[in-house]
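Note that the chains take the letters A, B, C and D in the order they are written out, and that residue 1 is the start of every chain.
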């Protein structure tokens, strides 16, 4: 059940230009949160911005959690100004986390850009339940934007790097790297990143007979199923099921459920 | 000439609950500022609040100035959160300062509540030019809200305290204290505080044949004569001169110029 | 003693009466939530006891389930929110089957907001809601900005922009139900009094002011509208001054009560609407940020009445001093 | 290559052409300042060289000097500003004597905004401005929200709420001057296209969209309106989505150009208006916060054109992708 909690900022670090990690003390949230879920963070006391900002839990500790984020606009700018010791209101945990199943033969995480933010916690959970570290494809536009490589390695994950400009790892798209990793039936692929990257990644995975879970993003007002703002189109034909809410029906979806054809990539950030 | 300057916060202290003093580094402003003038402070980078906040200069140093303020709403709350080392945009100096004349026999400052904020600088200027310290009537609702008593005493001013509840000094209104000080021709009274207090103070002063200057307050958008929002009614009959702008025609006015009858005290904060 | 010297009035020991009768609808307090900003109630019941509210207003219900507009449907603007949901809702059947029973069990006072394409659809919706005991009052949404094709809609695109249509719709719905009937109007008019009076003449028991203001935002990098529907409705604190003005205008000509809304976030905002002449208020977009914002408004209004020694909340209605 | 992978386009070496011809008014760039938010120009000339702007629009000028409304005249609202100045201005004589010569000497392109009580007053103002060479274009304010008694004004209270009146006023002023003539309209209408088309038919060379939205705020402690005039006009970022929508509506039906305004603070805001179909933009309330905001908009628009390799600013007008 979600709570609204005033969380103390424990640590707050800039990892790379414009990329931050903040640790927040919030036992009520941390004790219930699962990898893949998110919180809605109140970045301003006033009305600019007016709404909370959705942020995945990066890692979940006993009474705290971390969030990895990148500067986008006013909300993340304000977030980045919080100092250790200050309080920040978080609503969560929200949404459905990643299902964790031990009877699969292989787990591959595919992260694009800041989409990686949801995966350290997933890797931890997979290691705990399945006893093997997932493989990780870390892709980004350029070297500076590759986050958490070391973290995954420390967990024992095999990490494959890819950048669009070749500044680190392969010069390739995440989906191309995945293809070369030869996913197969029994493999589950977890993807988070830009919509177009998730579409390509899921296409590769599904064509290879693997499962694919995607963690979607959308503009959110409530984060909690109420405003109907965060929908994406599903493959359901019926009027009542066509629109699925990223916040509470997701953010994690079976990639086969998403109607990639209907999605208008032109509107993506 | 006014400038828009990014000023560094040098010190920032809470003097009494909800009463603050901030020192700002701003040579371009400090070098031109005079007692009685003010700056427009940008309290938020975003649009809430949208406008700058007008604040008198309390004291003017070579390359810095101080501001004394009390928490009112969102703007002053945000201002109070600035830490030493942070930058804040100030537009100033604006308005007309107090005229300083040495050929008067007596100077009496009458300050109500946070209205005192404009007077330490005036006292310094008077001491410098006239070589005698002004007398000061410090009035407030209650003891906690009496600011700068010590500061004035250190300058050599005779200080008369008054509170509405008698918690410090006399239980009296500022105007009543002034009356007992017997202002006379040759005396100049300087008043700043709530409008009703300035009206009473100026009535007492003028009836006694003294001069009276008042430093008025009004809601301001531009602080610079453009928006025509900050007007008060003057005694001028002509349509073109009836409205005087607090920001650039004032904030310091000869009390005889203000049409106290026309002022609707019901709207005062 | 001059006003500026008077201290705060001492807190009155009396318990103020918050209850109101809103055009026949008994409410324990004047605070409801705005349609479309509180789902069907259940969602936010996890955060606080929603039966403490004066009423819960449902998302607009239509005869058939609606998928709504294509995404993106939301964009934030300064102190505001633009939405083009397009009336996605579960439809009246699912409402009656799944949503109303929950609200009834919780003892919630239900204002069912309805939307149709023509008077007869509103009539059928109202009849079924009354017949099944699934509403304590009906709010007819004649002001949704998001259900027409924006490319065409440069003329009047909402029923409530045309007073004659308001009268016609209201009369039809009125004839179909004995439940208190409120008509929800758009602010996109020259004079809010005209549709409001038309609603009154048609037999409405109250008007709800205001729905969102038409608005639009463009992404300068992609050069596309930020909403797939191109235009949307603006809500949130940004529009509060517009809403208060409309309530004040309407209150001076109407005999029926007003439900005031538009940017209400805290109790002081709600009191502004009451002073302007609203008998009841609704918290809208603010619930997205703070799910229990409406309950805090209830508590804040009560505290205000105590502090000012005002015995009943109705004493505030229209009590602006001009 | 999919869109999300394409890097930023390299900065183009060309110097974009910012100049426009706005219904006969040659402007060095499309950025002006909004009437009433820049005084008569001189005030802000202390902060930057105002002749760098596309044009300076004066405070509304009337035949006689006006003292305006009683204070308080201003109140801040979320991301907005409510004002009820009431057209305080120096009057046409003082303008011609004291203000215009300064602007002329500075080489400023002058849009003189005028206000009258009837068509003949506008006619006289326009005639005198043209005769004395004190304006390069006329903007007729048919949309001031602050000059009627708010207690009475619940019907149409502004000329531009009635298309027939817009046509009548425009025709009269048109016959009096050869200067480019712009008509400034209120957003408080059902359909902005109607008054805009009426202005076009009356012979206007452009329309200015939008003036402030009617609004109101109440102090809950004193229970008084925060403005002595009770109601005022809402401006600032809060209203931007409303303004962009109106520009977009009007742009699709008009042949004459639009001056877009309402909440423009930074270059991206201005570009939003251009994309929506405005040929020119005006910075309003933001100048109060940042006197040189308009100049920064000029610079930002130029940078945008460079970054996107767009040769002339006119290429942006109406270039929204829908």
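Note that in this section a residue touches a chain if its C-beta (ideal position, glycine included) is under 8 Å from a C-beta of that chain, and two chains touch if they have at least 3 such contacts.
Quick caveat: nothing in here was measured; it's all calculated off a predicted structure.
Chain centre most remote from that of chain C: B (centre = mean of CA atoms). Measuring from the averaged C-alpha position of chain A to that of chain D gives a distance of 45 Å.
Chain A and chain B have centres, each the mean of its CA atoms, that are 53 Å apart.
Inter-chain centre distance (chain B to chain D, centres taken as mean C-alpha positions): 35 Å.
Mean C-alpha position of chain C lies 33 Å from that of chain D.
Shown for chain A are the residues that touch two or more other chains, namely 46-49, 266.
Within chain C, residues 78-80, 222, 224, 236-238, 321 each touch two or more of the remaining chains.
Chain contacts here are complete: no pair of chains fails to touch. Touching chain B in their complex are the following residues of chain A: 44-49, 74, 77-78. The residues of chain A lying in touch with chain D in their complex are 46-48, 141, 164-165, 173, 194, 196-197, 265-266, 268.
Contact residues on chain C toward chain A in their complex (touch as defined above): 36-39, 43-44, 46-47, 59, 64-68, 70-76, 78-81, 83, 85, 88, 90-91, 94, 219, 222, 224, 226, 228, 236-238, 265, 285, 287-292.
The residues of chain C lying in touch with chain B in their complex are 2-5, 7, 78-79, 321.
Here chain B touches chain D in the complex through residues 1-2, 4, 42, 47-52, 91, 218-233, 238-240, 242-243, 262, 264, 266-267, going by the rule given at the top.
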